[in-house]
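Both complexes below contain chain A, partnered by chain B and then by chain C.
Here is the complex of A and B:
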């Protein structure tokens, strides 16, 4: 729980609020429009890189809904991503190769799983919720790895479109990302979004105001699962092969969280901005420092947490320059 | 019957290590309200300190216990003083990610120093065991359990009898009242974090006697440490011990389960994380305070 004095300090220097800077949101929409042009470069490497950026952005929006707006820090989003991915693989074995069907099934199954598991896990708070969700991610990985029907650790293959039409996967991911951005924008401005934020700030007070915390928490969790599942479905179709270590990789679990944090959690623009920057940085590190790129990524996380704990989007609204920024860093010092 | 007894003993032997792992984890969680995701990395460092001393100087692993404790204590002190202290009162996401980032840094540095090769500490008594009442007990694991019990006992005495120990417990009960009584809480935080890292180092040394060493070896112990804390009851030394032993036994039996799904049988040994999650959820629903405890869920 944030202390009242902390809240007051943050307000005074312009770091309060609910949706974040509208300027930042406009920047996101412009960038999204520009990203439509990527396939015209006819460069497979560039297209794949940007498809990953869009994928991570979608997952960051998914995490942002439950972790950013509702304040329930989840470390299990990779379970929904993997479940969505396996939906594509299963449909492919049934000779249904249609991206719309993949995404639709992934959304439904991921949301249903979220609701089911949420009935138990969302009873928990704080650390307990975080570790239980971490456990959900690991447990789903364990179970899928052991199911012969899903190919076990060897995985499954997914039939793909021919080389000439490969950009369809890019556009599909673009659409999924746009859906996540717009959904976040409209939810943040609706009664639903205010209910989420009310639960984050004070669950008991929200309940007194007539918000049923349990129902709204499950809603937030299901929406976040839908986003992760949709990203997983398109990822699997584009990848052509799926196995537990790919579908449930630790990177897909932790990257979206760090991206949302860098951009600004609980904002509409933050996850996208964070995804573009971090996925870009990660790509460069992998290219030029193959052996030590995870080491660098660890350092990036430490620096972001210590120097930009509220994210980049809040800096747009910061009043008082560098001194106010330095002050905001010490509010949580012991 | 014989098999059951063997499983039970295996569980208790594994539980002793889990108790030491959870002891340090529980201290930081209970007193600083931080889930230290770098705990697994500290365990790994402790194991490699032992390995390096064994390979370079032929030092017996049990003799390297104090060395890995002191080295990890120092590292933990520095990390708390210069990094974690800045966000000690931040929302949980901040401390989660900070300690996760630290864990990535440490594990990947270890990958550079020691590479990803699997290593082991094989002493003259590594393979030796004794048999009592038809149950086989490896000597290394037996002594590990004794050391684990001794450490738990010393920690309990220190926390209840010494001045610093009382200051630590006071800080965990009511930080405001502790400060008014003259306890310098940042100092206490630094000591607690350093002590926790030191205990992780000790756990690593003990683990190196019976398990293989890789830079990522600490990760499986993280979620188990959490479950042990919840199971035993957060914030007490006895809780970590009882929780560790109980979880060790549960896991020893649960991994023997053969689950039929359709035409296929799934062995419990492949489902360790799922078992941990199920135990966690059951404890949180049935007895959220843990076996010994006074925790808040």
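Here is the complex of A and C:
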């Protein structure tokens, strides 16, 4: 068996272990490089579609940090996305129209909000945490809807660059997505990543090994909020208009979770692969079956949980083909 | 680590009582653990050994009394800080991180234990590899922890605890389920750990193992300390025998002794040469 040396080699370049399949990660980097070419198609529709894919991918990475690596399933990530989006809108009213400023402010505010909320919410576990985060998402939506300073339900307008330079939003989203991918990669191979996974596997045992669960859970949530907030900031700037129903839409809450599940939670490649496949297919369905495309999402959730509980990325590392896959299903059921 | 003076008290256990509902699982348990010693903690099933381990390691806050280590009350220290004081433990019901590899499991301890702050990720993995070789798990280092057999999981628990660089190591039945050769190996390992200056508190059912390794034995029965001292003396004490084998056994032994004495007496009165 050459396995130990293979593992050692992979570890030297920082893959294997909790970073997941190196092949899948290579696929992600290649796809990201290809996506740089999208604006050269000079097709507004295509560019927008791929900008959304990158946006959802970033949010899926955000969800993956708390839900995938740390094992705390959050249904409130849209709150951070919306907060990030409103950061852009507020800066625009102050005549600051700079994407770097938008993203920077969004990251800081979203992370600060996550830390504040996390101090309370992360005392909860399992279903209770999930329900509480759902509540946080709804509460933030209602609060923003009732704040006149943020335009209430009518929303706010954000000044945009002229049409000729519109691709700047695409590249900004690409950079944000790349940031999320690389951050996940470097965190997953660091001490921090192991603290998150240890908490996911057994919080009590993690504490016995010297990990302060509360501190690291809050850190994971703040990082996940940063990613969602950054995506929100670029989204708002590109959208030009923002109102609560757009900033806090249920789609922005659920899509990233399903994408992370499909690709493989707790891996570096999973969220991106899940986002590309799901957003792509969803876009096609939306064009041809406008009324039933949401049904498709329900079906995907059910099928993924039943047939591919560890996500697509896991298949990259699977040896033994279909038989091994079927065997794993029966093992999981037992 | 140099061997410290034998008289130094590492751990002070004072008047510990632990109540669960209406049941006192421990009451008025006091003893001191000398630095560098090996304390064997024994007692029948349900006598409170694991509860005491949980109190010493800060998992339970005692109802009465206190455990102090290096002048600090353990009850005041959060669970994740206990190992930073220098106290590590294994769990009787093992708790591996199932989806991580065996090496990663140990490396997490090396990353966040007492010396973890000074260790890089790479150094933590190197330390984990050393420990896996010491406990005999290097052959399965890259397998997920969920694949391990029970004896290997026990070894993993020991490796994880050692990765915390403890001064005091609490071992809760790490030899259960091991065969005779493996027990000898485990004892050799523990002696080696102790020689490096680590104080050990060992809970074990295997009498032979505990007698051979302990410098002091503390016996618990029904939540109370009934004996303490050198292994051989403690095991000969009638109270300990009674706790393990029951009062009827002790009575029978006394009765047997009496019969024996009467026979001897009779033999003296009626010399053997009277027989044909």
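We adopt the following convention: the second predicted complex is superposed on the first by the 312 of 334 C-alpha atoms of A that agree within 3 Å, B and C clash if a C-alpha of one lies under 4 Å from a C-alpha of the other, contacts with A are read in each partner's own complex, and residues count from 1 in each chain.
Following the convention adopted for this analysis, a residue touches a chain if its C-beta (ideal position, glycine included) is under 8 Å from a C-beta of that chain, and two chains touch if they have at least 3 such contacts.
What you see is a predicted model, and the numbers here were worked out from it, not measured in a lab.
Q: Specify the outcome, clash or fit, for chain B and chain C once both structures are aligned onto chain A.
A: Pair status: fit.
Q: Look at A:135 in the shared chain and tell me whether it touches chain B only, chain C only, both, or neither; answer first, second, both or neither.
A: Once the two structures are laid over each other on A, A:135 reaches chain B alone.
Q: A:261 contacts which: chain B (first), chain C (second), both, neither?
A: first
Q: One more residue to check, A:213. First (chain B), second (chain C), both or neither?
A: Touch partner of A:213: chain C, not chain B.
Q: First (chain B), second (chain C), both or neither: which does A:302 touch?
A: In the superposition, A:302 touches chain B alone.
Q: Thinking of the overlay built on chain A, is A:198 touched by chain B (first), by chain C (second), by both, or by neither?
A: second
Q: Check whether chain B or chain C contacts more residues of chain A in the superposed model.
A: Looking at chain B versus chain C, the one contacting more residues of chain A is B.
Q: For A:284 in the superposed arrangement: first (chain B), second (chain C), both or neither?
A: In the superposition, A:284 touches no partner, neither chain B nor chain C.
Q: So, does A:46 touch the first partner chain B, the second partner chain C, both, or neither?
A: A:46: touches no partner chain.
Q: In the superposition on the shared chain, how near does any CA atom of chain B get to one of chain C? Answer in angstrom.
A: Least C-alpha distance: 13 Å.
Q: Which chain A residues are contacted by chain C in one complex and by chain B in the other?
A: After superposing on chain A, chain A residues 3 contact both chain B and chain C.
Q: What residues on chain A touch chain B, complex-wise?
A: 2-3, 67, 73, 75, 120-121, 123-128, 130-132, 134-136, 138-139, 141-143, 145-149, 254, 257-258, 261, 265, 291-292, 294-295, 297-302, 304-306, 309, 329-330, 332-334
Q: Which of the residues in chain C end up touching chain A in this complex?
A: The touching residues are 57, 59, 78-84, 89, 91, 95-101, 104, 107-109, 111-114, 116, 121, 124-125, 141-142, 160, 163-164.
Q: Show which residues of chain B lie in contact with chain A when the two form their complex.
A: 29, 33, 35, 83, 85-94, 96-98, 100-105, 108-109, 112, 185-186, 189, 223, 226, 230, 261-262, 264, 266-267, 270-274, 276-278, 280-281, 284-285, 297
Q: Which of the residues in chain A end up touching chain C in this complex?
A: Going through chain A, the ones touching chain C are 3-4, 7, 11, 17-18, 189-191, 194-195, 197-198, 201-202, 204-213.
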